[in-house]
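Just passing along the structure, written as structure tokens.
Naming follows writing order (A, B, C and D), and every chain is counted from residue 1.
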Amino acid sequence: MSEAPALSTIGVYTSGGDSPGMNAAVRAVVRTAHHLQLKVFGIFRGYSGMIAGEIKPMERRSVSNIVQQGGTIIKTSRSAEYFTAEGRRQAYEHIRAHGIEGLICIGGDGSFRGAVAFHNEFKIPLVGVPGTIDNDLYGTDFTIGYDTAVATALESIDKIRDTAQSHDRMFLVEVMGREAGFIGLASGIAGGAEEILIPETRTDLEAICHRLEQRTHRHKTSLIMVVSEGDEAGGAVEIGEKLRARTGMDFRVCILGHTQRGGSPTAADRLLASRLGYEAVRALAGGRANVMVGEVNGEIVYTPLEETYARKKPLASGLVEMAAILAE
Amino acid sequence: MSEAPALSTIGVYTSGGDSPGMNAAVRAVVRTAHHLQLKVFGIFRGYSGMIAGEIKPMERRSVSNIVQQGGTIIKTSRSAEYFTAEGRRQAYEHIRAHGIEGLICIGGDGSFRGAVAFHNEFKIPLVGVPGTIDNDLYGTDFTIGYDTAVATALESIDKIRDTAQSHDRMFLVEVMGREAGFIGLASGIAGGAEEILIPETRTDLEAICHRLEQRTHRHKTSLIMVVSEGDEAGGAVEIGEKLRARTGMDFRVCILGHTQRGGSPTAADRLLASRLGYEAVRALAGGRANVMVGEVNGEIVYTPLEETYARKKPLASGLVEMAAILAE
Amino acid sequence: MSEAPALSTIGVYTSGGDSPGMNAAVRAVVRTAHHLQLKVFGIFRGYSGMIAGEIKPMERRSVSNIVQQGGTIIKTSRSAEYFTAEGRRQAYEHIRAHGIEGLICIGGDGSFRGAVAFHNEFKIPLVGVPGTIDNDLYGTDFTIGYDTAVATALESIDKIRDTAQSHDRMFLVEVMGREAGFIGLASGIAGGAEEILIPETRTDLEAICHRLEQRTHRHKTSLIMVVSEGDEAGGAVEIGEKLRARTGMDFRVCILGHTQRGGSPTAADRLLASRLGYEAVRALAGGRANVMVGEVNGEIVYTPLEETYARKKPLASGLVEMAAILAE
Amino acid sequence: MSEAPALSTIGVYTSGGDSPGMNAAVRAVVRTAHHLQLKVFGIFRGYSGMIAGEIKPMERRSVSNIVQQGGTIIKTSRSAEYFTAEGRRQAYEHIRAHGIEGLICIGGDGSFRGAVAFHNEFKIPLVGVPGTIDNDLYGTDFTIGYDTAVATALESIDKIRDTAQSHDRMFLVEVMGREAGFIGLASGIAGGAEEILIPETRTDLEAICHRLEQRTHRHKTSLIMVVSEGDEAGGAVEIGEKLRARTGMDFRVCILGHTQRGGSPTAADRLLASRLGYEAVRALAGGRANVMVGEVNGEIVYTPLEETYARKKPLASGLVEMAAILAE
């Protein structure tokens, strides 16, 4: 890292839904900036704090002992105001007043859309770091927080399995993921779920009912069905009602909810967050702008921010078929 | 343990909602029975299996490696049929056909009610072991599964705290416990909840709204409110709507649900289950009947089964007031 | 809590080996002090910081979000200097200079010995809070940190069980506890250990060898032996060598070590710490001095500090015998 | 999967050190075999059981509820006898007697060496599945068990961090990995370790001492140094003594040991194990032999068994330098 940095002062913020590992990314950004002798500011509460001027210098020690903490110490928010030209203008005033010449945005697609608008208007270089549990950004194999969210969902599925088996009961477990089925597919396979319902595949309730009846004939009456919140057939409550109406069977519903956003990040998330935070600062210092830094096949890649949300990241193929075979 | 046992063959079953530690109790019952040279049968799926004759001998090795498993390997159920005289008669036929002279019932109040009916009709000695996450049985400081349920609820609360603080959000977290606030109070205090709503204390929504507004003035806008499912003001969804209507503030709701029933039991639950399972067999062998074995102040006590559900176990006093002071 | 406090300014410190839950106790002390309108100082790094004058005011917010953290944010140490009259005199100067009229010491027996010396010399009221993983203080059923240490030891034992069974191997697992066998006994029973070696019972290596050979005849060749570090027959390494020499069998040794001191405290430890921290301030404000506040049979009790280490807290009787029967 | 399988009966065994996820792999093998209408035998205790004829048919239900269990239900061993021609001949007799036409070996390099010898002598098709916590096999990005071992090591490091910071102490934490530094590097970065000592990089004790002294000047006296067991400068005990001798500073040593082999596998390990077990059967049915099935950049690849241990899998480059920068 010998080339002279393209700038001397940067700002970092977290934005949108929080995800485990954001703190590890913030730590990496701050420490790497200091290593490169850049001044680094924390912009608190995402775009809301950018508009309100909640901006503080970050020292090396200010990110001590956070690598293992869930959430984000510089806080996050969803800002409606930022989606007005006036909001962004105020934000820019604060950025300029602090001498910030480049930005690092840790967040998901909504945050990146905001970043693109900002970049287009004010030409301030910005590098994105993919921080969302949903894993729905193109340009990186995994987003920061995804592995932890899967781990949390899986822990819950394992627990529900205990009670499902003890009672010979059927459970529908709804996991997060918005429009994407990554969390559902991974936690479903790892949890040995008998059915996995995700937005990427068409959910055929008739076929499910048929399999349910076959299972009943074989006296397999305990079952876990993982439902991604974005499934086109509905959420777990709605699907449960439909299945009940068709089969007369009884289903319990668990919606795992916000627990999936929190918790100490897994090793994989801390590693990914450390690496992407580190590379984001290097990219910014090296003159890159308007890209997201991601990891694809173990290598660092840079993807134009617009592509990260405009292009659809596919699920690994074949896994849904495999899951069905392994759960037989 | 030198006295000659009052009987030579016993049966053990788990009944009602499963709770973590039931397996440790089953293991203790089986191993202690063998130590006392009693023959021991597992009656599967609680009263349903008793009626259907699903009864199998349990050897020492059949309970190997289960002390750490959630759920119950001999399964459980809620049986409507058992609450008919004909159902109980059929159950008794199977008990007699296997030569079972005494029963150990691991379960909660519903299971004990069934046990009392059975005992009254057929005079078969029965000892109860308190297995329920709700901790709502009189005659024991703690029930088997309660400590694990609190641990699970607490883990979730800790995770929700991460996201609540990152977003300055307010969360209502609904925990289990049926008519009792034990899980709510313990997980609320341990999780540092700002408000704890339990059935044992009157929930004053006006006062809560007042405190919410005071907190907002002090810019403390992140908050966790733990709501016991049995609170007289409603569940978390209902209370959230009421608070929203009164304050105009926004609340997220998490219902922790069935995850609280599963999972590997904590050390405390395994110890309690081991001890109570062990003492239940000794009590039965020693001629006791129609009692629940419990632990009070570290000592083994026997309480008539009817009292365990007829009498109300009080919460520790002063803790609600303390919780409010510590969360200030 | 209506009576006028006996003092207006207090100090709190943690001392000796850290234990999970100390932070929850510090939080309770600080919040309760503010509630009683007492000024409260944190004395950092225990007696070392008292001597060096590392003393800072603690506000309500300075203990936010620590209830779930392991370790102690006000740090701890073992101070040799404090055991000199000159060291204690310096410490007293700092205490007086800050206007501190009463002290709360969170720690174990070594810390309480130091506290007694201090009290005798300078007559400053002091209340002890039992914070040690070893559970070896008289006057409280449990010490803060003990439940978490058992949980950590148990998690490790569960993991070792996986590999022991997969390989049909024999493991000696050494757990902490100094001169006391509380951690060993609880984690051993909960982990289903085949042998539990604790200082409170005589360890008969001949008898163990005999049982090992019997087990081998029954083809039970996987085994967990929990060894308390203070066992009179030696640590796990030494005992492993002795058993190897006598039986020719092979043993693996795991020393769980310092992991047992850390980690997020369990619900039980957070509750206990909250309650004892709260009661310690109330006791001090109410005029008590030179006592430890403990919980016995669910009730708050005060024990003269000297008794807490001079008297031996017994293990629950019968559990060792039970453990042997359940592991058969 | 429409082509006619190249064989009709297969056997599966686990061998060498157990690793979390082996059960998920066994489940996938058995379920996939049944799906392809292959008969499948479990060969118990690895090569030892192959020699002794401990071979049993595996039904779909025999692998129910194991996806989440650590260890291996078909057990494992290290067999010296197998490394004799006579041992292998006996093994082959049993294989032939059961009509087994193809083998799936789940294990590490030692197991694969044995498999190659067997294949060379008896020409029986064999597919390897990489099961070892060490991640030291060429031909797969990750081995089954590695992610869980890192998670376990990380949990311990997090706990030790609590006590290190509370006491301002320096800890050397020794992690597993044999000749490879994968576990050390990943857990070290994720745990925020100040120093990471791995076999792949030269350990410069002089430079470490120099940095230790610099840290002391900056009053950063709490430190975690992760030491891979295979580091060329020695294990943690030896390195601790050397550092103590040179600096006069005090170091605590924790050897994490066998806990790293056990525990419920992470989602990543269950997914990998499911996929590789599934693909191994398909490969065998499709006529492949003498290869290991691995996952590289998300794709399934087949590597000749000899290459998996003869070629050295490199660490990701740049991470060691990054770790140093982030820990500054």
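We adopt the following convention: a contact is a pair of C-beta atoms (placed from the backbone, for glycine too) under 8 Å apart; a residue touches a chain by one contact, two chains touch by 3 or more.
Owing to the predicted nature of the structure, the values given are computational and were not obtained by experimental measurement.
Centroids built from CA atoms put chain B at 36 Å from chain A.
Between the Cα centres of chain A and chain D there is a gap of 28 Å. Chain geometry summary: the mean Cα position of chain B and that of chain D are 39 Å apart. Along chain D, residues 158, 161, 165 each make contact with two or more other chains. In terms of which chains touch, the assembly is arranged as a closed ring, every chain touching its two neighbours and no others. Going by the touch rule set out above, the chain pairs that meet are A-B, A-D, B-C, C-D.
Within the complex, the chain D residues that touch chain A are 24, 27-28, 31-32, 34-35, 60, 65, 67-68, 141, 147, 150-151, 154, 158, 161, 165, 186-187, 189-192, 264, 266-268, 270-271, 274-275, 278, 297-298, 316, 319, 322, 325-328.
Those residues of chain D whose C-beta lies close enough to touch chain C in the complex are 14, 17-18, 20, 22, 45, 69-72, 75-77, 152, 155-156, 158-163, 165-168, 171, 252, 254-259, 261-263.
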